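Common to both upcoming complexes is subunit A, partnered first by subunit B, then by subunit C.
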Partner chain A sequence: MSMDRRQFMKIAGLSAVLGIGGSLIIDKAGHAGLGAGPRYEQGPNAIEAKRWGMVIDAGKIKTGEDYKRIIKACHSIHNVPDFGEAKDEVKWIWTDDYEHTFPSAENPFMDQTYKEKPFLLMCNHCEFPACVRVCPTKATFKRPDGIVVMDYHRCIGCRFCMAACPFGARSFNWRDPRPFIKQVNPEYPTRMKGVVEKCTFCVERLAKGQGPACAEASNGAMVYGDLMDPNSEIRKILATTYTIRRKPELGTEPSIFYVIGGSENNA
Partner chain B sequence: MYNGGKIILGLAVFAGLVTFPFLYNIGQADRQPDLKLDTPVIRQMAVKHCVEPKAFMRAEHMQLLNDWRNEALRQGNREYVSSTGEKYNISLQNTCLHCHSNKKKFCDECHNYMAVHPYCFDCHLQPKENVQ
Partner chain C sequence: MLEKALTGSKRYWAWVFFLLALIGAGTLAYLKQFSYGLGLTGMSRDVSWGLYIGQFTFLVGVAASAVMLVIPYYLHHYKTFGRIVILGEFLAVSAVIMCVTFIFVDMGQPMRIMNVILHPRPNSVMFWDSMVLSGYLLLNIVIGWTTLGAERRAVPPPKWVKPLIYLSVPWAVSIHTVTAFLYAGLPGRHFWLSAIMAARFLASAFAGGPSFLLILSLLVRKLTKFDPGKEAVQTLGKIVTYAMFLNVFFMLLEVFTAFYSNIPGEMASFKYLYAGLDGHSRLVPLMWTSSILAVVSMAMLIFPKIRAKENLLLMACIAVFISLWIDKGFGLVIGGFIPNPMEHVVEYWPTLPETIITVGVYALGFLVLTVLYKVAISVKEDVEGAAYKKIEPAGQAVSK
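What follows is the complex of A and B.
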């Protein structure tokens, strides 16, 4: 059987139409569709901001009990494991001394109480987060409201983010964390061996209309709010009180501010 | 024919071995997974239904869960409005497993049958009764 060019083009064209058209029909029929189509919403109580931030009034956090209570509030809600040793430590909120917290604002003659006082540290939710720039899977990313979060499902454990973060805010699960969680909160997932984790500014609580757990437990020493809203409480504090940030010279623009020797001037 | 007996015996043994798996299973009905819905929460429901129609859930729940986690974590949308207009808090352990608290006799029963092993529960917590 011979075929001229014209016949060939006709058959080729027809089979293309049948093939593509047929696959569309089969796709539609085979897919258990949902008619009206579902929607996703924020939830009625969610609280929003253009850029979330926090002020920590160091002078208001005094006793060892204060530090413990605040750290426990966070770590117990989020099932953060306690391995009982520094080498494998996993932390969302922790303390360090002045020298390591504000290395560029140190001097040899400063007030001894501040030199020895522990400061509460957490993820700075930077405006220009170095961790986000290096993450190869976009597992860590900055939300439109300024919060730098982790999508644990995408974390491949490469730890580039840990190398990039100048604040030590990220921890790696070298071991299975589950046996080291003293009291498990059944409402929140744990993590597993091989992923990085850190503070998420309690996004899951903001979605329900609650503030970050640390701020809630701090008796007013930690104030969170919208940095872009000139009428917010946090902006009023920033406008009237002298505050500093960690390592501002690195240009990451942290969203966590510290009041040192502030309103209650007795550390 | 040389060694005819041996060849025929060999062929018979070969045929027996090849057909053994089929012969062995003759008369045994394929065991279907036995999904249990009798959890405290589902027992309370007047009309027993899932977040979406059963046929959709059976075929597409993995895709739905994938959408749930992307919407919740990456878009900040933690509420799901189903195709029938019902609202659900987006959560694997607090919503799906709140109703399906018998994970072992429901999710695992089917997954074991299908030889699927979701790794979700390395992190997500399952109701106590399901932990060995």
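What follows is the complex of A and C.
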């Protein structure tokens, strides 16, 4: 099967280069689920937004187990490989401490609990994403609903987006990731070596009416919703709770917000 | 004219086959990288560009520096450069070929390279960089080849080539400006986010390129019957001197802004490169080597009496070239990635296959350079041989 697919992609790639209906073949491949990019039919139950965003309430994620569960929920369904070493690492969502999550908001005298507490990091799905601006092939693009996604078939692996992203959200497949996927989820495409990938805000789940996998696994600590809808739950939280974003001074307008002290303390 | 490259001394052929062997080794290493992936290199999630993109950046400067010969010769009718302007143009050709090859070997999916043209995004600086580089390559091939052909037939070059020559001047500036914009417009990369980046790039290019050309000129004089001329070499030395001082001045401006403002992000990469950060200091010896070579070279270049001695001038230019190669081909690109966006220090060092591929690309560039120089110098030797009988200074027919 994998040989057939590889040969198929070679032919598809070659005809794309020669311009002989290459795009048609790739379109079909996308629908057949052959390592498809972010092309998903909106199902009857699809949930939609004008601009998707998320609030992460760090106070509600208590134990190391909680973090592991959330990360695993994302990485297992998206076929994110585990190489077991840092150099080739691919990650969509991970943790770091306060000082490294918010490097421009350091505070040497802050409460030790929060200083050492892990925070979840992921793609910010910026309103003005630097990664989209620099991509020479439009392989990375922003959807009308604000989600920044990638076409793994168009990516040439130049890694300009990795240099441009101020949040370290992007990973490159330094080698074939497939042997390092513990259990392949047939519902979601695997990637090939030489392309960049990152969090997709679970576009494939939104299309089926499900929320992002991390939020689902977070027991209410991660709330997603439409930032443009003043009546949405996320907007209510943002209106009543003090939240911060990573590196807001860069003007990319991140769509991921953090409650640092726990909402019960700040509301 | 290309047939001139097919006849040559034993030494010439030994050099050509030596380069071919290096290209062969590089190709084998590349095939391995092609099947395994870029994980074969020292690059990582945190330092996602390395030696390849560093060399690309450095060589764009070498290519752009041809303009330092074109401006005096074609715009100011500085006849002394008539003998070597073709060497500058052909150096540009080989440098751009190396640039393009370095980009190619750095790509994760090189078979999709045409996507840049099939699905262009004009917002992307990389799209523009590929446009200006290919244009510059074409310009220099056409200009160099046409003027050399005219010189061979002892006629003035055709009129249509003049506008192309004038066009090549701003075009040379553009290739290095656009290359600087690859870096200078990225939010969150403090080391690169500097308005002076393009100016710095041009200054270092105009020091590095001519210093290499000076080395090549002296080599040509030693190995062939063609003499680029003592005065031309001295003028090159002057250009290197001014540009090198300007380059170091620009660099010190960056240091002032970073350290007087005391903004941590502005200082972090400098600290990593020159002192080490969080206990990581792999590039420190290399960067200080670059700094010391820069100081030594400037101390030599600033004195006209030292510059007048060709051996010392040569040594100074070698020091300039190595210093800038380290600074731009290594420190600038790697330094921009360290620390990473979360302010962790993850270091980088090229692997052996990565180094072999790099050497292979350089060998390819030197092969192109050798062939082009062989053609140019054979033509010039013929013209001068003929001119001896007529007692007329040759090599200047072009300037009419």
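For the reader, a short list of remarks on this structure follows.
One rule holds in what follows: the second predicted complex is superposed on the first by the 222 of 267 C-alpha atoms of A that agree within 3 Å, B and C clash if a C-alpha of one lies under 4 Å from a C-alpha of the other, contacts with A are read in each partner's own complex, and residues count from 1 in each chain.
Operating definition for what follows: a residue touches a chain if its C-beta (ideal position, glycine included) is under 8 Å from a C-beta of that chain, and two chains touch if they have at least 3 such contacts.
Everything numeric here is computed off the predicted structure, so don't read it as measured data.
Using the contact criterion defined above for the overlaid structures, shared-chain residue A:47 touches neither subunit B nor subunit C, since it reaches no partner. Looking at the shared chain after the overlay, A:181 reaches neither subunit B nor subunit C.
Once the two complexes are overlaid on the shared chain, A:251 sits against subunit C while remaining clear of subunit B. In the superposition on chain A, the chain among subunit B and subunit C reaching more residues of subunit A is C. In the superposition on chain A, A:207 contacts subunit B only, with no contact to subunit C. Of the two partner chains, subunit C is the only one that A:155 touches; subunit B does not reach it.
Contact with subunit B, but none with subunit C, is seen for A:190 once the two complexes are overlaid on the shared chain. By the touch criterion defined above, A:143 lies against subunit B but remains apart from subunit C after alignment on the C-alpha atoms of chain A.
Contacts of subunit A with subunit B, set against its contacts with subunit C after fitting on chain A, share not one residue. Put simply, subunit C touches subunit A in their complex at residues 36-40, 43-46, 48-49, 103, 106-116, 118-121, 123-127, 130, 182-183, 186-189, 265, 336-337, 340-344, 346. By the touch rule above, subunit A contacts subunit C in their complex via residues 13-14, 16-17, 19, 86-91, 96, 99-101, 103-104, 121, 130, 133-139, 154-160, 162-168, 171-176, 193-196, 247, 250-252.
Across the interface of their complex, subunit A is touched by residues 52-53, 55-56, 59-60, 67, 69, 71, 73-84, 87, 89-90, 92-94, 122-125, 128 of subunit B.
Remark: subunit A residues 32-44, 46, 141, 143, 145, 149, 151-153, 184, 186-187, 189-192, 203-204, 207 touch subunit B in the complex.
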